[in-house]
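Data block below; observations after.
Naming follows writing order (A, B, C, D and E), and every chain is counted from residue 1.
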Amino acid sequence: MNLDFSFFTPDVVSSFIVKGLLFSLQLTLFAMIGGIVLGTLLALMRLSGKPWLVTPAAAYVNTMRSVPLVMVILWFFLLIPLLLGRPLGAELSAFVTFTLFEAAYYSEIMRAGIQSVPKGQVYAGYAMGMNYRQTMQLVVLPQAFRNMLPVLLTQTIILFQDTSLVYAIGAYDLLKGFEIAGKNFNRPVETYLVAAVVYFVICFGLSMLVRRMQARIAIIR
Amino acid sequence: DTLSKIKETGTVTMGVRESSGLSYTLGDGKYVGYHIDVCQKVISDIRKKLGLSSLTIKYQPVTSQNRIPLVQNGTVDIECGSTTNNLARQKDVAFAVTTYVEEVRTAVKADSGISSISQLAGKTIATTTGTTSVQTLRKHERANGIDFKEVFGKDHADSFLLLESGRADAFVMDGSILAKNIATSKNPAGFKIVGEVLSVEPIAIMLRKDDPAFKAAVDDSIKAQIKSGELAKTYDKWFLQPIPPTNAKIGLPLSGATKAAWANPNDKPMEDYAKR
Amino acid sequence: MIQINNVSKWYGSFQVLTDCTTSIKKGEVVVVCGPSGSGKSTLIKTVNALEPFQKGDISVDGISLSDPKTNLPKLRARVGMVFQHFELFPHLSVTENLTLAQIKVLGRSVDEAKARGLKMLERVGLTVHKDKYPGQLSGGQQQRVAIARALSMDPIVMLFDEPTSALDPEMVGEVLDVMVQLAHEGMTMMCVTHEMGFAKKVSHRVIFMDHGKIVEDCTKDDFFGDPDARSVRAKDFLSKILSH
Amino acid sequence: MIQINNVSKWYGSFQVLTDCTTSIKKGEVVVVCGPSGSGKSTLIKTVNALEPFQKGDISVDGISLSDPKTNLPKLRARVGMVFQHFELFPHLSVTENLTLAQIKVLGRSVDEAKARGLKMLERVGLTVHKDKYPGQLSGGQQQRVAIARALSMDPIVMLFDEPTSALDPEMVGEVLDVMVQLAHEGMTMMCVTHEMGFAKKVSHRVIFMDHGKIVEDCTKDDFFGDPDARSVRAKDFLSKILSH
Amino acid sequence: MTWDWQIFCTETVTGEVLPGCFGRGGDITYLDWLLSAWGWTLSVSALALVVALFFGSLVGILRTTPDRRLVFFGNAWTELFRNIPLLVQIFLWYHVLPSLFKPLQAFPSFVLVVFALGFFTSARISEQVRAGIQSLPRGQRYAGLAMGLTLPQTYRYVLLPMAFRIIVPPLTSEAMNIIKNSSVAFAVSIAELTMFALQAGEETSRNIEMYLAVTVLYFISAFTINRVAQFIENRVRVPGMIGGK
C-alpha cells in the first residue's frame, strides 16, 4: 500500500479539521455539563421513592437508552420544526439532542454513584439539621461525583466519539472534517489513519488527564 | 410563501452537499460546485426581482436522507445538491427545470479488459449505499438475468476504494462522480469509464411544493442562464477546467442528454426519460 | 428533655418498635443495650426524627415531633448525634466537617464557625489534625472528630449509636474517655452501647431492649447490682456480654 | 510445625515486617497481638504464602515456602485459615462453601465431601442452616461456618486473623467457644486476636508485634503475670486493652 | 404530513404493491427486506456480543492478575480499542489492515465487522469486569487461595461468579449498545437495518416511514435484551443479599 500524505497541508488542516474539532469539543463539553446536570436530576427523581417522579424518569431513561442516538438526532431534527413551526439549526439541534440523550446515560451513572454513598452519610447530614437539598448538595452529590468520575469520563469519551453522528443532520464535526478532506482529495485511507491517531491522542490524553485529576480530588479513604 | 419570506427576512437558506459531484465543500463553510454557481445566479436574479439591495445566503448542509424533509419543513428554501427528479419525490417537493442530466455508468480498472456490463457476470460490483444506482443495478440484474456480487460502500470514496483495492471489479455510479474520483485518484490513467448507460437521471434544483411563484422565479432565472450561455460557461468551468481543491480536471464533456434538456427546459421526472 | 410515649414503628408489616415509652431528664445519662436487631438504633433515630414512626409521640425539649408544624431540620440541629461508623464527610477536611453545618444550618459566619469548631477539636485533643481528611485519621480519631462536630452545634442533648463498636480495641478507650468527660460536665446523653464498663461508670439509667420492646428500664444499680431480678433475656444477655 | 526465620517484607519502600523469627510446635496455641497496622495480618498471611516476602524463610511441616519447587496450593490446602470478615463465598450455599475446596483441591467425591462438611457443620452446631446462603446468617454463625469450612479440609494447623473483631459482642462468645474447644482437642493454632480472655484461657504463648517487629515472644504467664518485665509498648497496649 | 404505510408492501424492483405484503417467487417487498435486515442486525449483534464477552472478560481478568505484563497488555488493549471511534476502526479493519496482511482479505466483511464491533465493545466490557472483580473484598481472593485453590480456580469458583452478578446491569447496557452500534455494519456492505433505512428511504422517498420502522425495530431489540437481562439478574440473585449482589 502506497500512502500519500502530501495533501495534508496546514491549509487543509485549518480549513477542514479545525472547524470540526472545535465543534466536537464544544458539543462534548456542552452535552457533558448539560447531561450531567439533567442526569443528576433524573437520578434524584428515580431515587425519590415517589411513584409520580420515579415512573416518568425511568420511562425517559429506558426509552432513550433503547434507541440509537443517530435516530434520536434525526427525529429531533426533523420533527421539532414541524411542531414549532420554524426550523431549528443543525447545530442548536445537535446541542439539545445530545444533552437530552446523554442525560439518560449520565443519570444511570449518577444513580449508581448516589447509591454508593453509605446511607449513614445521609443520616449524618439530616442529623446536623440540613434539609434534603443541603444534604444532597453538600454531602451526597460531591461524594457520588468523585466516586463516579472514572465512569463519567468513560461516558464522555464515548460522547466525544459519538459527536460524529451529527453527520445525519449535516452538522460538521471532527470525523466529518477528516472524511470530507478524504473525499475531496480522494485519499480516504490516509485521512482515516490520521483520524485514528488524532482520536486516540485526544481520547487517551483526556483519560490520562482525568486520571491525574482524579488522584487529586479522589476521596482519601 | 417563499418569495415573501425571503423579502421579509433578507435571507435565503440554500441546501448544499458536503461532497457530491455538483456541490461540495472546501472546508471553512465554503461551498462550491456547478449547482451552487447556478443557484447563486438564481438567487441574485431573485434579489433583483424583489428589489432588495442585499440578500444573505445561509448554507445548510444536507444529506441524501434528510434533504426532502428539510425542504418540506422549511429549513431549506432552495436545495442545490444533486437531487434526481423522480415521481416519488414529486409527491413531496417540486423541482425546477432540469439543469444537468446524469448518466449512470461503470468504472473499471484500465487493464481489466472489461468493456461492457455483460462481461460482469459473476464479478463483484461496487456501488454506494443510499443511491439510486443500487436499485438500477438490481433492475438490470433482474431484467437481463445476469448475476453479479454486489458490495456497497458507505460513500463514494469508499466504493472507489473497493475498486482501487481490487475488492470490486467495477464501480457503477453517476458518471460525474466516477469521473471526479478517477481524476483525483493517485493514478488517473489506471481507470476508465466503460459500457452502456445504465440509467439516465435528470438532476434539478429542489424547491418546496405548491409555491408556483417561487418555482417560476427560479425557472425563469435558469432559462435566462441557458439562453445567455451562462449555464454552458458554468458547465465548462466545473467539468472541463481544473477545479479546487486539487486542481484536477474532471474532463466530462457536455452530454447529448444534458444538451437536449437545456434546449427544451422542462421538469420531467426520471421516469419520463426511461420511457424513451 | 426527651419524652417517648407509646412509640410503635413498622417496616411494611414487620414491627420494629412496639409501644416504647421512656423519658430522659436534663443532665441524665441513659445507656440503651440489647441484642442485635432489637431496635436500639431505630429507637435512637426516631428521637431526632431520622426515622419516622407510625404511632405514639416523641417530644424533645417540649417540641413534639409528630406535630406537622415542627421544623424538623431546626430541631435536629439542636440534637447532636454520633454514629457507629463516624459518618464524617470524607470529601471535606476536618475543619470543614466541623464548620459545614454551623455555616449552612445555624448561619454562623465562617470565622465564628471555625473558632467554635477548633475549640471543640481542642477539647477532644486533635487540634494538630485540623487540616487532614477523615481518611487520614485512625478510627478512634475519626470518632472523636465526629463528637467534636456534634458538639460544635451546641446541642442540648447528645445521641450515641454504638460509638465504639467499629473501633480497634486499642482505640475504644480514647473515645470513651471523651464521653465520660461529657457526662461529668452534665450533658444529657442517650447512648446505645455494649460497653458495660462505661455504663457502670457514668450512666444513671439502663434501658434493655429486645424484639422492639423496652424490656427493662431501671437505674444502673438495679441493672448491674441485682441481675436475678432482671428478665431472663436481659440476664442471659448480660452474662454473654460480660463472660469473655 | 511452623518455622519463621528472619522474615522481612516490604510494600514498595515501606517495610511491613522486619526480621521476624519465631516457631510454633505441634499442638501449640499462639496468640499474636499488637496495635493496628503493626503487621499481624501480614505475618499470618505470609505463613501460608498468601503474601510473598522478600527476605528470610518460612517452613510449614518441614516444607519451605521459598523453595520454588513447593506446590503452594497443595500446602495451603493443609493450612486452615479464618478471616476477620469470614469471607464465605456469598453465591454458594453453606454446604457448597464447605465442599467446594474438598472437591476441587483434595479431589474428594461429592458425597465424601458432603459427609465431611456436614460433620464439621454439626461440630459448630449449625446443621440446620446447611442450605442457607451466607447472607442469611448472622455474623457469629457465618464465622462458625468459616471455621467448619477450614476444618473440613483436615488442616494440620489453623490460622485465625481477628476472627471475632467484626462480630456483635453477643456473638463473640459462640465463636470463641468453638476455638477454645479446638485448642483443647490439640489443634495447632496461630491466632491474631485482641480477646485477652481467650489468650489467658487457652494460649501457650503470646507474641506482641509493633511496627513490623516481634517485640515480645513469651509464655502466657510471663506476658500477663509480669507486665512490668514487658517492653513499654506492650505494657501500654495491655493497659489500654484491659482498661474498659 | 402524510403517511404512506403501503410502501412496505411494494415490490422493490417493479414498484408494484403486492397483496399480502410478502413477496413470492423471487419478488421482494420492502417488508421482506426490512425483516431480513433486522435478521442481519441481530446476527451481527449476537455474534459480536459473544466476541466482546469473551475478549472483554479475558482482558478484564488479566488486568486484575498479579502479573505486571498481563496487566500492561490488558490496559493497552483497552485503551487502544476504546479510544478510536468505531466507524474509524471498521474502516481500518476493512480497508487498511487487509492491504497490510493479505490473509485478512479472504475474510468476508461479516466476519470483519463482528470482530471489529466485538473488540470495540470488549474494551468497555473489560473495564466493567475489572471493576467488578476489584469491587469484591480482597479477602475473597485470599480465602480462595488459602483453601488451596489455584489462582485460576479462585477466579473460576470464587471471584467471577460474584463479579459477573455485580456487573449484570452495566453488561446489559453494553448488550443494548452493541445492537445500536451494529449499525456501522452498513459501512462494510452488510444489509442491516441502517443500510435498509438509507437505501429504501432513497428508493422510495419515504424516509420518515422507513426511519420509524427501523427505530421501532431497534427499540424492540434493545428492550428485549433489557428484559432478558432483568430476568437473568433475578435468576442469579443470591439469597440474603440486597439487589442481587
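To be clear about the criterion, a contact is a pair of C-beta atoms (placed from the backbone, for glycine too) under 8 Å apart; a residue touches a chain by one contact, two chains touch by 3 or more.
None of these values were measured; they are calculated from a predicted model.
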Revision key, fill the gap. Ordered by label, the neighbours common to subunit A and subunit E are B
Point to revise | Where subunit B and subunit D overlap in contact partners, by chain label | key: E
Check your understanding: Among all chains, which one's averaged Cα position is nearest the averaged Cα position of every protein chain shown?
Key -> A
Point to revise | subunit A and subunit C: spacing of chain centres that average the CA atoms, whole Å | key: 45
Check your understanding: Where the CA atoms of subunit A average out and where those of subunit B average out, how many Å apart are those spots?
Key -> 36
Check your understanding: Touching two or more other chains, which residues of subunit B qualify?
Key -> 65-66, 69, 158, 161
Review point. Of all residues in subunit A, which are in touch with two or more distinct other chains?
Key: 74, 78, 82, 188-189
Exercise for review: Please list, in label order, each pair of chains that touches.
Suggested key: A-B, A-C, A-E, B-E, C-D, D-E
Check your understanding: How about subunit C: which of its residues touch subunit A in the complex?
Key -> 45, 48, 50, 73-81, 83-85, 87-91, 100-101, 104-106, 133-136, 149-150, 153
Point to revise | Contact footprint of subunit E on subunit A as seen in their complex | key: 1, 62-63, 65-71, 74-75, 78, 82, 108, 154, 157, 161, 164, 175, 188-189, 192-193, 195-196, 199-200, 203-204, 207
**Study point:** Interface residues, subunit E side, partner subunit A - complex
**Key:** 1, 79-80, 82-89, 91-92, 95-96, 99-100, 124, 127, 173, 176, 180, 183, 194, 208, 211, 214-215, 218-219, 222-223, 226
Review point. In their shared complex, at which residues does subunit A touch subunit C?
Key: 118, 120-121, 123-124, 126-131, 134, 138-139, 142-143, 146, 219-221
Revision key, fill the gap. In their shared complex, subunit A is touched by residues of subunit B numbered 18-19, 24-30, 60-63, 65-66, 69-70, 73-75, 155-158, 160-161, 181, 184-186, 245-246
